[in-house]
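There are structures below to look over.
Common to both upcoming complexes is chain A, partnered first by chain B, then by chain C.
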Partner chain A sequence: MQIIKKTNLKGYKKALELGPGGIIDLLLRKNVTGRGGAGFPTGKKWEMVYQAKADKKYIICNADEGEPGTFKDKFIFLNNPEAVIEGILIAAHTIKTKNAIIYLRGEYEYLKDKIQGVINRVCKKLNSKVKIEIYLGAGAYVCGDETAIMESIENQRGHPRFKPPYPTIEGLYGKPTIINNVETFANVSLALAFDDYDSTLRLYSLSGNVSSPGIYELHYGIKMSDLVKLGKPKNKVKAIFFGCFGGCLPYSELPLTNENVCGQDCMLGANTIIVVDEKQSMVDVTTNIAKFYEFESCGKCTPCREGSMRVLALLQNISLGEATKKDFETLKELTEVIKESSFCGLGQTSMNHIITAIKYFEKEFLDKLK
Partner chain B sequence: MFLLDKLRKAQDKDGFISEREFKRISKETGIPLAKVYGTATFYSMFHTKPQGKYIIEICNSPSCYVNGSLNIIKFIEKELGIKSNQTTKDGKFSLHICSCIGCCDQAPAMLLNKKVHGNLTKTKIKEIFKQCK
Partner chain C sequence: MKIYLDDKEIECDENKTILEIARENGLKIPSLCYQTGLKPEARCRLCLVEVNNRLIPSCATKPSEGMHISTKNEKVLRARRVNAELLMGHHIDKCEIQNEKHDLCTLISDIGIKEVRFDPKKEYQVDLGAAVVRDDNLCINCGRCVQVCADVQATYAIDFASRAHHEHVTPYCEKDLTEVACIKCGQCIAACPVRAISEREHLQDVLKALKDKNKHVIVQTAPSIRASLGEEFGMEPGSLVTGKMVAALRKCGFDKIFDTNLGADITIMEEASELLERVKKGGPFPMITTCCPAWIKFMEHFYHKYIPHMSSCKSPHEMLGTLTKKYYAPKANFKEKDVVVVSIMPCTAKKFESTRPEMDSGVDFVLTTREAARLIKHFKIDFVNLEDEDFDAALGISTGAATIFGATGGVMEAALRTGYELATGKKLGKIEFDQLRGLKGIKEGSIIINGLEVKFVAANGLHNAKEILKNKDKYHFIEIMACPGGCIGGGGQPLPVNEEIKQKRMNALYTDDANLKYRKSHENPIVKHLYDEFLDKPLSEKAHELLHTCYFERGL
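Let's look at the complex of A and B:
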């Protein structure tokens, strides 16, 4: 696996030789992109922060891996934490800052001491004056949003902010901020350290109805069926969910690229694949995910806060066989309204699983209606 | 100063964040009491009511759900005689159904006093409970 290759801090040494402009060029040339889901070119993000004029700049490593079915960042922290810390130090060197924060999800508290040990060791070895602090979250899915993380660090409720301005201009404490995912920082180190760095490799978090769940490193664009087969499904596979937010697709040989997946009204995100077999009811799985969103809605905007409650109630009624055709139509309308009018990414994507489940498995819903 | 750290320390000491601790933190940080409380209650891992000696946070997100987490949750509820967000009368166990804990490769999974227990079965749960003295 490329992601667990030890760089022996070669990436940082290369960064010192290259200087800020050279680092940014190399990241662009080697096509390093954000691995949190959006896929934004890392070099471009860093360049914006580099060019922003400010007395203080910040770096945040987003380790609030909250998307259900995703556990790749945990895997990286367990197997190659040095690469992550090195990546953060490279970012700090690029934008000339001494302030970096790792926002680690509260559920991963047991990783904190290990990561702190690596920070101490790496910073000492490189004689770095950068202060990397670990901030522990406390259980809020919405804090995976880059601006909600900043609110949380600033001692507020983790409500997302309106964008623009983007964090590259006005981020933490209103200062230009690089915020990248754990996997992205690890990839920065790898890209700088190795000439044969392959930017098309991705980490897939595979779970659900499979006998061999786990993290698989494979090329971008792998066929859905090839990936799922690696997990050795227990029964005939019906569908896959791209986490909670990415919607679902019927099991097929579709190559998993952003274009293909988006074209089917889904989102590939951080390559989270939850396998669902034919023994599962799509109505029940969808209801389970709706419960997740009802619980995790931060309450800031009305469509998401109130809508997620109504949607859950409608789905539970369908699940119990107590809903009418009219209820089903209301559900469909509501999902579109919430998708279109929610404030942040959480709300806007919170209906994808229902919209796609109805699109591809409508019969299962109709069979449950009165 | 990171407020969440202060709240966590208070909770680690008492198992929950008491009114006295809220007031102390507010005074210490200069953040109004209502705001400290408002921030704490936003995060699902903070508790404002006394908790049991053993806190169970069991995942019911899709990877665990399709692997039968609901049966495990029902079993725990029956064994302990409590529902989610409740504590047993003897103050030993508190139960919380939670969102994904990132242990989807060990589904169904739970945290028991922050430690991961995965691939849960009814037998395994019984064994774990037996070791909770």
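Let's look at the complex of A and C:
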């Protein structure tokens, strides 16, 4: 696996040779992109922060891996944490800052000491003056949102901020901030350390009703069926969910590229694949996911706060066979409005699973209506 | 900058928000959480418009060159409708119980919701504070109260807690309002679009007293009420309704109707004398006014180290309340215990004030302007068509200086009119202090009294107060009113309220002042009489016993 190759801090040494401009160029040339889900070119983000004028700048490593079915960041921290820390130090060198924070998911508290040890070791080895702090989240899903993370670090309620301004201009404490995912920082080190770095490799978190769940490193654009087969499904596969927020697609041989997936109202996101088989009811699966959103909405905006509760109630009614055709229409309208009008990414994507489940498996819902 | 609003090309100011621009161009966009002058929170999602196939909140978005904005296509209207319906879900059936039409109801009928498909789900305990009552079951989480408490009043008594649909407004650590540093200013009440926050009602107590044959019930009305009460009966904001108000209260059955303005005149006599005393002694400066009980509580929580700077004067209605019981009652042959004093105030903090033990308050019940209107409506009095009547004499007459207490800067102006003339023995040429008038948050100036340049400043809104307290040593005399605009914008005043309405109420008070015979407190013949017969002179032992009070550190 490329992701667990040890760089022996060669990436950082290369970074010192290249200087900020050279680092950014190399990241753009090697096509390193964000692995948190949006896929924004890393070099471009760093350049914006590099160009921004400010007395202080910050780096945040987003390790709030809260998306259900996603566990790649944990895998990286367990198997190649040096690459992540090295990547953060490269970023610090690029934008000339001494302040970096790892925002670690609350449930990963048990990793904290291990990561702290790696920070101490790597910083000492590289004689770096950069202060990398670990900030432990408290378990809120919304704190995976880049601006909610900043609010959380500033000791505010974990609520998303209105954008613009974007974090590259006004981020943590109002200062220009690089915020990248764990996997992105690791890839930065790898891209700088190795000439044969392959930017098309992705980490897939495969789970669901399969015998061999786990992290699989495969090429971007792999066929859905090839990926799912690696997990050894227990029954005949019906569909896959791209985490909770990415929606679902019927099982097929579709190559998993952004174009293919987005075109069908889904999102590839952080390559989370949850396998659903024919023994599972789509109504039950969506109800289960809806429960997650009903619990995790931050409460800030009306559609997500109130809507997620109403949607869950409607789905539970359908599931119990107590809902009418009119309730189903209400559900559809609600999901669309929540998607269109919520404040942040959490709310905007929180209905994808229902919208796509209804799009591809509407009959399962209709069969349960009164 | 050029943009397209519903396909119509318009020139606009790029620094304004889309909401402001649309409204200037006559387009109706509903909004709920957005409050003029404060940072847009963009949480209610009712002011959505469409740009590039995306719905964005118009309150928080500024235009860019050539932007195409749809303010009323089907997608926009549906999102507004569904979001409003979601908000109404908790609220709808309770809202029908309330007769008073509030902002949300108006908004809902504008948005055009015919049916609400969702049932109420909330089950919270009502927080019965001493002055401010919160019913979370009516709350729609718009956040206006939270924002006002933090950004206008700098008090941070309430905030949101929990997440998802469990999110709710609460004082610190789910305590009751009485247990936290809430200053009872009632600005959250004025900000609430659904009346989830309201005053602690004393209406029933007053009705009971009015029915009791053995009680002699006296009502007093604050300066600012006369400029706002009419609004409750559909009259234009800024209508001066002194005469109708007195007539209506007499019809309600009050035995005597006194004007708190007399209390204000006495406050001025005491406060101006206190200031001159400090000028003589050389301090401590600045001296800070204490008419506003919300400011007092704020000071006791956050600025108790300034207690030596505070004037020791009770607020005007407390002074009048005490004088009613101690001076008027024996004179009119009533036992003190049979006299009930009701104050009609623009304020919720006054309710708290009259329960302060050290105040030894002569006031039994405080009604807000809104409660007074409810009382008048209870007796089915045709307020608008009443003939004017006069306050009861003896403790009735007062000056213009007292009437302007109701506006920010008014106390200071009144005190300077009297202070100057008492100190110098000379007449003031121009008695209007224009630099102290208007709705600005901070107003300052100076006046030479016996060779000393006395620097004064008036602040309204506690965020502004905090600003001037940073440089307090620059001044000799500071007036602080907690509510934006002063008492005319008080937490007990008619709703809805906005800057324009406040300005009209303020104008009415200054007009009242200009038309009065006596415009300086020390020229009020009743005040002179009171001092001659009863109080001796300002700051006398008797005056100290009855008209002054003290303050405490309250902690957080």
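Everything below uses one rule, namely that the second predicted complex is superposed on the first by the 370 of 370 C-alpha atoms of A that agree within 3 Å, B and C clash if a C-alpha of one lies under 4 Å from a C-alpha of the other, contacts with A are read in each partner's own complex, and residues count from 1 in each chain.
To be clear about the criterion, contacts are C-beta pairs under 8 Å (C-beta built on N, C-alpha and C of every residue); 3 or more make two chains touch, one makes a residue touch a chain.
Please read all numbers here as calculations on a predicted model, not as lab measurements.
> Return first, second, both or neither, reflecting whether A:Arg157 touches chain B, chain C, both chains, or no partner chain.
A:Arg157: touches chain B and chain C.
> Looking at the overlay, what does A:Glu306 touch: chain B (first), chain C (second), both, or neither?
second
> Is chain A touched at more residues by chain B or by chain C?
If we count touched residues of chain A for both partners, the winner is B.
> First (chain B), second (chain C), both or neither: which does A:Tyr135 touch?
After superposing on A, A:Tyr135 lies in contact with chain B but is clear of chain C.
> State whether A:Glu364 touches chain B only (first), chain C only (second), both chains, or neither.
Neither chain B nor chain C is touched by A:Glu364.
> If we overlay the two complexes on their shared chain A, which of chain B and chain C does A:Gly208 touch? Say first, second, both or neither.
first
> First (chain B), second (chain C), both or neither: which does A:Phe295 touch?
Touch status of A:Phe295: both partners.
> If we overlay the two complexes on their shared chain A, which of chain B and chain C does A:Asp145 touch? Say first, second, both or neither.
After superposing on A, A:Asp145 lies clear of both chain B and chain C.
> Show me the chain A residues, by the header's touch rule, that chain B contacts in one structure and chain C contacts in the other.
140, 157, 295-296, 298
> Mind pulling up the chain A residues that touch chain B in the complex?
For this pair, the touching residues of chain A are 65-71, 74, 105-110, 135-141, 152-153, 155-158, 205, 207-209, 213-215, 241, 244, 274-277, 280, 285, 288-289, 291-292, 295-296, 298.
> Contact residues on chain B for chain A in the complex?
1-5, 7-8, 29, 31, 38-39, 42-46, 57, 60-63, 65-67, 98-107, 111, 114-116
> Which bits of chain C are touching chain A when the two form their complex?
Listed in rising order, the residues are 40, 42-46, 48, 54-55, 57, 60, 75, 78-79, 82-83, 86-87, 89, 117-118, 121, 141, 159-160, 162-167.
> Please name which positions on chain A make contact with chain C in the complex.
It is residues 140, 142, 157, 162, 294-303, 305-310, 330, 333-334, 337, 340-343 of chain A that touch chain C.
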